[in-house]
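The two complexes that follow have subunit A in common; it is paired with subunit B in the first and with subunit C in the second.
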Partner chain A sequence: MSADSANAIAVSWPRRAGATALIVLCWLPVAYLALLSLARDWAFPALLPPGLTLATWRRALAGNDGLVTSFATSALIALLVATLATAAGGVASRVFAYHRHRGWWVLAMHAPFALSPVILGTCLLYFFIRLGLVGSSAGVIAAQFIFAYAYAVIVLIGFWNPHVAALEDLARTLGAGRRQVFQRVVFPLARPLLAVAFFQTFLLSWFDYGLAAVIGAGKVPVLTLRVTEYMGSGNVQLAAACALLLIVPPLALLLLNRRLAILAA
Partner chain B sequence: MRIFARSFSTEPAHRRLRLVLCAALAVVPPFLGLGYALAYSLGLVGALATGFTGEHWAKLLRTSDVTRALGFSLAVAAVTVALATVLALGLSLALRRALGRGLGATALFVPLALPGVVAALIGFQFLGGAGVLGRLAWHLGWIAAPQEFPALIFDRHGLGIVIAHTALAVPLLMLLFTRLHANERIDEFAALARTLGANRLAVLRRVTLPLLLRRAAPSLSLLFAGVFGAYEIPLLLGAQRPEMISILARRKFALFDLHQRPEAFLIAAIYAAIVLTLVWIAFRKQPPAHVG
Partner chain C sequence: MTPSAPPFVTVEALSKNFGAERVLDRIGFTLERESVLAILGRSGGGKTTLLKILAGLIPADTGRFLLDGRDLTAVPPEQRQVVYLYQEPLLFPHLSVRENLVFGLRLRRLDEAAMRARIEPLVERLGLADHLEKMPAQLSGGQRQRVAFGRALAIQPPLLLLDEPFGSLDATTRAEMQKLFREVARQVAITAIFVTHDVKEALIVGDRFAHLADGQLKLFADRAAFIADPVSGAAAEIAFWNSLASKTPSPPRA
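== the complex of A and B ==
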């Protein structure tokens, strides 16, 4: 008998019922959004929609509302931010990790990460205006990079430990050059954590609303802004479709790669 | 073997430059922004700057909306963190084994994929008078019209904001507590305490909770900071009065009346001071800086 099945037998029925209720509650928002995006005339007090239709999705994917463009814009910005932040964070985390004030650097990296993007974005708006970056994708990318870079350093700094340093030294002792040490030793070891940093910084950008609203001045049509636009105009069906477009890619990644999910959590 | 930890003073110039550049990327923008905010609030910069003045800070003591927003934001953050911690602790301790490693554990990852705007949309759809809960109440005969449903969103107590943030935080904290439970070998310590005569309540009170809460304190502090400065959920589910601090700062900044702008920056400076102090307190007891 496996340990899991032994556990399953030991668990009482109220706890099993509680766990089932929790699983349902966790999935409920996704199921509800899917139903809402397919609903036709779902008015109060009906608990379920009287009929289902693909009209909302046809409209969303037709391109007239610009949802496809928003999806592509969000994806492109998030991929760029994640790539830049992970690469720069990888380099910086090594610099900070091997410094004698490592703890202070980790603390300093929490400063941008802990601050509200809307408030920091408002404080930095003057400088972004002077640089001509307000209302542009480049401005949103630059603003998100500040947060994503700090977060990537926090995620990656734990990688640089005495064991990795010893392996680097060993490789050098055996005649490896700097590039070989990176390609053959450091990168293969760091790959799982780099994937986590990339995924987390991607999410940071993909989920961002505040910086897109303040630095993007609402002119960079990312998906998060579209959800609020549709909510504001009372079109909850399109808002639900837009919300699903926002949550399905990260959800699929989390569920497909449990290791990534566990590390990310 | 080379010395693992290096000091700044003994670094070669190119390494020092690299350190400065790496630090500047993360540290300069926030402090530049906050420095600008502080200077603006003191009348040193900005379109209407007339030189150093403490007028805006003195005015802060007289204006109720800033202090009310600060108090409201702190209260919402404190209640959310307390509620989410109690729920997550209770659920993770009670359902840890029942959730197992399969479908249950996977389900806890689902809320991680929900951004604030989507949480606000779901909150709006569930908690509004004509929402899911209102419809259930109508079918149960508790209300005859959506207006009779108690105000859970756009309410002056911030119930909708607290509920939405708590719902997002509980699964994340459950994952954290479950992981800490395993990493901190709490089952082993609990077994030892029981062997020494402690009952279940004493084990919970003296072993499990102190260990879990102490290790989770930095994450809980970040959660507090996140809710304190939250924008999307209060914007979409909050009342016009009282406002959360981010909403007030943004509103005062966006007003046509430029005289309101120093107050927006003053709010930003106070907010940053509170959050950075909190982060410093939470993370100053990190593992030692020296490695190796």
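== the complex of A and C ==
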């Protein structure tokens, strides 16, 4: 073995070990949740459950506990919020990017993040009561949209620059109307960033607890509320199954995004 | 006696202010079909603003722009058929060379055979045959400008606007592109307005000549008048090269 290859192995070992440790660290809570959701009579101080059962998952998926409804509600709300926020953020970011007070607009878009969702939800509660939105899915969507829209603008504003503006102008002189400029130039160029904005705003909504709790007033059964509800009632197995369900859509989106990126490349 | 043909391009009293700054001050000129007007001027002299107004990308404050007798002053850019070629070789980065070339033709819904027939001669003339499937990032600056030029010519625009299109190229490539532009302009009978800050480039590409400074356009009667006028700087440049040539000893004969 040459000295060079020996050195390469020596360098790659700590890297490999570090990477493996990182992967294990990331997936350990997921593995633990999976084990917890499958555990039968797992009591302290046992390190491992005495046996495994699918009873919790059967119960969860039977729909009697409202878990399936919660999953569908959360997914629908998150998809709506992400779609609306990405679309509105895309349009608004263009306006703000080319505005002479661009900096002020960007600063304004950070305002919702100065408060925690619970505090913001409490601040919004009065207005939402007046609008008759408290305790409804529409109210939760509207409240989450404030965060998600601001986030989408922050993500997308970087896309608009003089180069993109010149490409838009060029397309117009070549005969493209405004819609064709969007379809043939702007959208294909912005697609990766739009995917990021959609993914991130989906996550903002999907994992939201504070706004759903305050504005939803316990009447909008999103998955994050279910987890705490099951934890509070001492049903840790069902809480674990619910927490695992929380991971599924983001993971699916992440894989889809990766697949699309590979296809695009 | 037959009446003379009306000018193909007519620009009348075109003015533009940016805030308190007057960028174009009652610009007016005419241009015949199939001729190239070279406008010389320094950076910041209003050349780009003039071209962008003619392309419909920014509005003029006052004045009119007529093309072949049709008033285009208020017509949106996509309906003008006036193509604007940027200083940077601007290609759509997500499209291959071939798709860049047919971009304007796809908008006009030409079928594949018609598109091929339109771009094949251009591809040949511009030396792009080996690069059609490449992406813009894989091309050199000169190649990119050739594609941008071909893409503009493919839609057979009645008027082509060139905004220092070879400004970002190295000296050798720039000279090649100037020669190529001149050849293609003659072959496909282009009517064009070519702005540059390089007097030599203006003399190579132009049939007619103008100088733009401080928002005022001065049109010259012919090439000789352009060279003779001190504002063009052509006479001074010729004198410089002549003096250099006279001081340089001739290479010994073999």
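Here, the second predicted complex is superposed on the first by the 235 of 265 C-alpha atoms of A that agree within 3 Å, B and C clash if a C-alpha of one lies under 4 Å from a C-alpha of the other, contacts with A are read in each partner's own complex, and residues count from 1 in each chain.
Everything that follows uses one rule, which is that a residue touches a chain if its C-beta (ideal position, glycine included) is under 8 Å from a C-beta of that chain, and two chains touch if they have at least 3 such contacts.
Please read these numbers as outputs of a predicted model, since none were measured by experiment.
**Q** Judging by the criteria at the top, classify the pair subunit B and subunit C on subunit A as clash or fit.
**A** Superposition result for subunit B and subunit C: fit.
**Q** Could you look at A:G177 and tell me whether it touches subunit B, subunit C, both or neither (first, second, both, neither)?
**A** The answer is second: A:G177 touches subunit C but not subunit B.
**Q** Should A:Y126 be classified as contacting the first partner (subunit B), the second (subunit C), both, or neither?
**A** After superposition on chain A, A:Y126 lies in contact with subunit B alone.
**Q** If we overlay the two complexes on their shared chain A, which of subunit B and subunit C does A:V153 touch? Say first, second, both or neither.
**A** first
**Q** Quick one: classify A:A166 as touching subunit B (first), subunit C (second), both or neither.
**A** both
**Q** After the superposition, just quote the angle formed at subunit A by subunit B and subunit C, using C-alpha centres and rounding to the nearest 10°.
**A** Here the answer is 100 degrees.
**Q** Given the touch rule stated above, what does A:A62 touch, subunit B (first), subunit C (second), both, or neither?
**A** In the superposition, A:A62 touches no partner, neither subunit B nor subunit C.
**Q** Hey, is it subunit B or subunit C that touches more of subunit A?
**A** On the superposition, B touches more of the residues of subunit A.
**Q** Please indicate which partner A:L47 is in contact with in the superposed arrangement: first for subunit B, second for subunit C, both, or neither.
**A** first
**Q** Is A:H110 touching anything from subunit B or subunit C once the two structures are fitted on A? First, second, both or neither.
**A** first
**Q** Can you work out, in whole Å, how close the C-alpha atoms of subunit B and subunit C get once everything is superposed?
**A** 5
**Q** Using the superposition on A, tell me which residues of subunit A are in contact with subunit B and, in the other complex, with subunit C.
**A** 166, 169
**Q** Please output the residues of subunit B touching subunit A within their complex, sorted ascending.
**A** Counting only subunit B, the residues touching subunit A are 1-2, 4-8, 15, 18-19, 22-23, 25-27, 29-34, 36-37, 91, 94-95, 97-104, 106-118, 120-122, 124-126, 130, 132, 134-136, 138-139, 146, 171-172, 175-176, 179, 222, 225-226, 228-232, 235-236, 245-246, 249-250, 253, 264-265, 267-268, 271-272, 275-276, 278-280, 283-284, 286-292.
**Q** State the interface residues of subunit A toward subunit C in the complex, per the touch definition above.
**A** Residues in contact with subunit C: 166-167, 169-177, 180, 184-185, 188-189.
**Q** Quick check on the complex: what are the subunit A residues that touch subunit B?
**A** Residues 4, 7-8, 10-11, 15-16, 18-19, 22-23, 26-27, 29-30, 32-33, 36, 44-47, 88, 91-92, 95-120, 122-127, 146, 149-150, 153, 161-162, 165-166, 169, 206-207, 209-210, 214, 224, 227-228, 231, 236, 239-240, 243, 246-247, 250-251, 254-255, 258, 261-262, 264-265 of subunit A touch subunit B in their complex.
**Q** Name, in rising order, each residue of subunit C that touches subunit A in their complex.
**A** 52, 55-57, 76-78, 80-84, 86, 88, 90, 92-94, 103-104, 106-108, 151-152, 155
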